[in-house]
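Both complexes below contain subunit A, partnered by subunit B and then by subunit C.
So, the complex of A and B:
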């Protein structure tokens, strides 16, 4: 390559750079230099417990635009596609200069799919207009909605830039039920009682039953995934604790006592904020499984240890008289009996562990309590927590029943379960009854 | 098998936060009658003069808030007493109304409006709470006393932008029940659709989470973000201030319109006599606006 071609090359690079710069500038600046720039148009999700915008139901549209050089905006008219409506909406008008509120006010007049906002004084360069239109409706068939319209600047009516499309969906079945409930007199009467309305609002029970479901699965998933690990870990530490070696015993004692002696809440915080700090980034749910497994293992270790120690010393002696070693005795004689004895307590611990997954909501795991909290924070109503309670009970009540049944069975087999003679008094009473 | 202690005791610390709203509703309904007679003479006469508003504890303006929102409200490191802009405002309010101030322990932000609505726990919630239509449906809001905006906060040097955060798989922490949460859900729908907007109990947990990399960003009120970054979380930055022009108000039960009126009058007085400006100077170094 000779000198000239290098120079040519350099020149064309410069030319391309200038062109690119001009293009970037053209993009950065609003297309028409004298235009009210639509900043954004967004809608508040109105699906109870969801994140979608449903058409045909009241929602809130937030529309923002910035006045540009040469602008003197007197009024703005927003237009929704056919089927959308601003009727019976209320509009909060905020005008800002930078981050500071300005004194300019406005007045909004909704009419069908149009909304006109007149300002108390014209808005010039740099002013941000922010309209929050509450209780407006998007077209009920759903789809991408573009907010357009016109504005008046310097006495001239100009076209507004179309907003970025807002995705909306048609009404859902759940929302349909909720709307039906909204109009039932008995529901209104029920909700007018402050306590019932706050904790047992029928509409929210319906929506939360559906929207809490994924959280319930996450809870179940976490506890079911963590428990096998907890059982294995627990068994290891239980055996360490009853071991003959001092060091193993010491390790097990420290492990069990530290974990049982500190709140699960604290352990969750340490794992969730500690591990990422060491650049270990694991999915929240997996972290949850780890914490629950480690925490449960300490309790299970104690349960297993007590189970092992509850086997009478005679069994060890009998085993050793048969010539069995320590390990053989443990595996063949002691542990099988232990398993049966600890099943009720382990089940109770499982119940506790299942309920304890709720603590994971404090660090953002999307489990049952998190969903409820979410819904409560949106609605300002406690009903989602009550629904969450129902979800917990669906799991815990049958398990509690299982524990009772097993406990009874064990008690019966341990005391021998032959037929018992009837109590004497009862027999005597029967005789008296016969005589009369 | 007696040594198998259970662990119900663990529950307390964490469920405390989320359940407190529930407890609070039941908790203190009876207080008002028990200590009825013993309010100070000056207070009761002033209260009587300014209308027939009801107070949970006679002679006292009982306040609730979420005390993890500095500089508006936080707890003193040493004493655990509530301190902050809103606390000073509440004291000045009470003074102007001839009352004493009575602060309750911190509770989750999203439980404040339900607690005020249910009544019996506190007279007012003063918690850097933006006046919104939704809240006004549940409770009365006083006249605005502070202007605020939102902000997106990330780790210093983060390459995120407002646009890049709106993607599936991004995690954005917010405080449950706040306008920041609303903003994130509305403006970052792609993240929200995949449960990417994570509502937490307080903003400190959100900031710690962004610091440690658990979340990509957080959305909260600009004054709080600036204050916290300046004072405690120096490795975070305000990625972008979001002009919303929102205004804070004080939440009062709808059953107590006389109290709302009295508070608005006191706020107006504090505006005139410079009390509010003084408090702003204390907490923000200069007068706002």
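So, the complex of A and C:
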């Protein structure tokens, strides 16, 4: 039989083990024999760990078992998760007979990862044993752990049923920081201020920075995946809108006006609730990408159209006088200039699109907004929202700066001074010199 | 974009077919022009541009060209003078179809261009007609060299190396070899216009149209551009139609000076004839007001 009572990792392994153990016990024990039944093994969440148990940090492990008919339990040896640690001196042993606390006492002796409890008299049917290890440290790497072991009843050593698995999360740098913060007087003082503690709780800023990260990546992923499509679609509709063909113009105008004239929120609802009703089921994130791409394309089409129309007629004439056709002129002369001109506006639109991914939380896309909403409802603290704001700003602030810089550069180059190395008079003199 | 719509005035009396026999027309034009130009006629030479009864009306009411008749010979330098609003630029823009003539006929190398042409035919025609604009119209996203190259690579389908060699040659000819990698915004107006000339010449057109090439320039920059144009006229053997206000240039360089006013050619002749002995009162008044 397995010696190891600790199983970490996949639940299925644990389940298989439990089954195997049950089978083994059923075979080993004579029929009609009874066993000490493991009631539960639970771990209390760590302080500031939210609802989770974090490895490597002190927590309280409570293990309970009840004695059955025929049992006469003299001692229990618990096998605790390997790699963890505990302090036996703080172990609290309680025995209950029915609902009353019994006089039976226990003495705990640690040995490695095992804890042996000897009882002052054997525990028979109806006794409940509760062991509380108040200074339990689960393994730092986290994972799913079980508590097992053996017990001695009527002089026989028997295998204990494994407890239901306890999920623990790895103790990371973040937990270290949070732990450290917990004990800082200034943090305690800071949090005692109602406003600061509610919106800017340092521990939560640290933890949410990490737990919101996946949501932030989803936001970035959606906008980065959707934007190239939006640009291509936008360009197509912009060219349609400046086309000489009335039908193409009409299609483009309807497309652009409908999409710009209705809220993105409404468009999201129509697509996310409408498609499933037509039995079209597409992954939420993909659908989000599609909606964002289509919505942005309408705005981009208008930006591109304005850009194309801002190119002076002289550029078309110069291209024509070289013998370029319409398409050649567009591709070689007009669009390259349009691209330069629209970069600031397109960047602004990108910023808007990035922020607007938050609307997808309303239909259950697991993005930044959704993550922070969940975290806030768990912790009852507004800090995760503030952290989400920080995440949005990480992207938007540099882009806002980029827009400003490019706008300044364009303004300078359109004034015509550009990075001209010489003063105007010097050029003029040189010009005259050239001429002579 | 350019409208392809064609308008016909109901009471346009000039809308008659052009003389169809090219040989006959050439002889008649030769007869008419031989005393008016310093151009040396070759035997049996055909004019490269024939403008007959050209009419241009904007918005159906503003008649800019009422009846323009002009013949330009291969290698001839024609300077078109006249007060603003006289239709000089419009006539020039009609020649490469940047404006669509309302009525009348334009023939380039005996081929009528004032019918219904396909866009491809128009593009082909324009390859042969370089144009230099008052406002330069360089492509701001390209370097000086890039501006000169793009027509060669995209229209003439030359290789990049060939186009680059030609571009550098033409930039050298206008004295801007050291500015080849500058963007238009980094160049002075005069330098930009010289790049624009290089851009037109690099296409090796038969005819170059100059639309007031020095009017947008500071006075001190005019001379460099005119020198380039003078060299082009004297050594290039290029047919040039120059709309200009530069009297000195016209007198010195032109084979023929054309004075336009009110949408018609009022007077034409050699520079000496027009400047020293104008036949028309309006010509004299105009030249007097300029000097």
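Convention: the second predicted complex is superposed on the first by the 238 of 436 C-alpha atoms of A that agree within 3 Å, B and C clash if a C-alpha of one lies under 4 Å from a C-alpha of the other, contacts with A are read in each partner's own complex, and residues count from 1 in each chain.
In this text, a contact is a pair of C-beta atoms (placed from the backbone, for glycine too) under 8 Å apart; a residue touches a chain by one contact, two chains touch by 3 or more.
This structure is a prediction, so every number in the text was calculated from the model and none was measured.
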(message) Once chain A of both complexes is superposed, is A:92 in touch with subunit B (first), subunit C (second), both, or neither?
(response) first
(request) In the overlay, work out which of subunit B or subunit C sits against more residues of subunit A. (result) B
(request) Please indicate which partner A:244 is in contact with in the superposed arrangement: first for subunit B, second for subunit C, both, or neither. (result) second
(request) Please work out whether A:111 is in contact with subunit B alone, subunit C alone, both, or neither, and reply first, second, both or neither. (result) neither
(message) One more residue to check, A:193. First (subunit B), second (subunit C), both or neither?
(response) neither
(message) Under the stated touch criterion, which partner chain does A:128 make contact with: subunit B (first), subunit C (second), both, or neither?
(response) first
(message) If we overlay the two complexes on their shared chain A, which of subunit B and subunit C does A:318 touch? Say first, second, both or neither.
(response) second
(request) Return the residues of subunit A at which the contacts from subunit B and from subunit C coincide. (result) none
(message) Using the touch definition from the top, list the residues of subunit A that touch subunit C in their complex.
(response) 244, 312, 314-326, 328, 332-333, 336-337, 340, 413-414, 416-421, 424, 427-428, 431-432, 434-435
(request) Spell out the part of subunit B that touches subunit A in their complex, as residue ranges. (result) 1-8, 10-15, 17-19, 21-22, 25, 110, 113-114, 117-118, 133-135, 138, 147, 149, 171, 173, 176-177, 181-182, 185-187, 189, 192-193, 195, 198-201, 205, 208-209, 212-215, 222, 241, 243-247, 289
(message) With touch defined as at the start, can you tell me which subunit C residues reach subunit A in the complex?
(response) 1-2, 96, 98, 119-120, 123-124, 126-127, 129-131, 133, 135, 137-141, 150-151, 154-155, 175, 183, 185-186, 188, 190-191, 196, 199-200, 203, 218, 220-221, 223-224, 227
(message) Taking the touch rule as given, give the residues of subunit A at its contact with subunit B in the complex, in rising order.
(response) 40, 42-45, 51, 60, 62, 90, 92, 94-96, 98-101, 128, 130, 132, 134, 167, 194, 198, 260, 263-266, 268, 272-274, 276-277, 279, 281, 284, 299, 302-303, 306-307, 310, 341-342, 345, 348-349, 352, 355-356, 358-359, 361-364, 366, 369-370, 373-374, 376-378, 380-382, 385
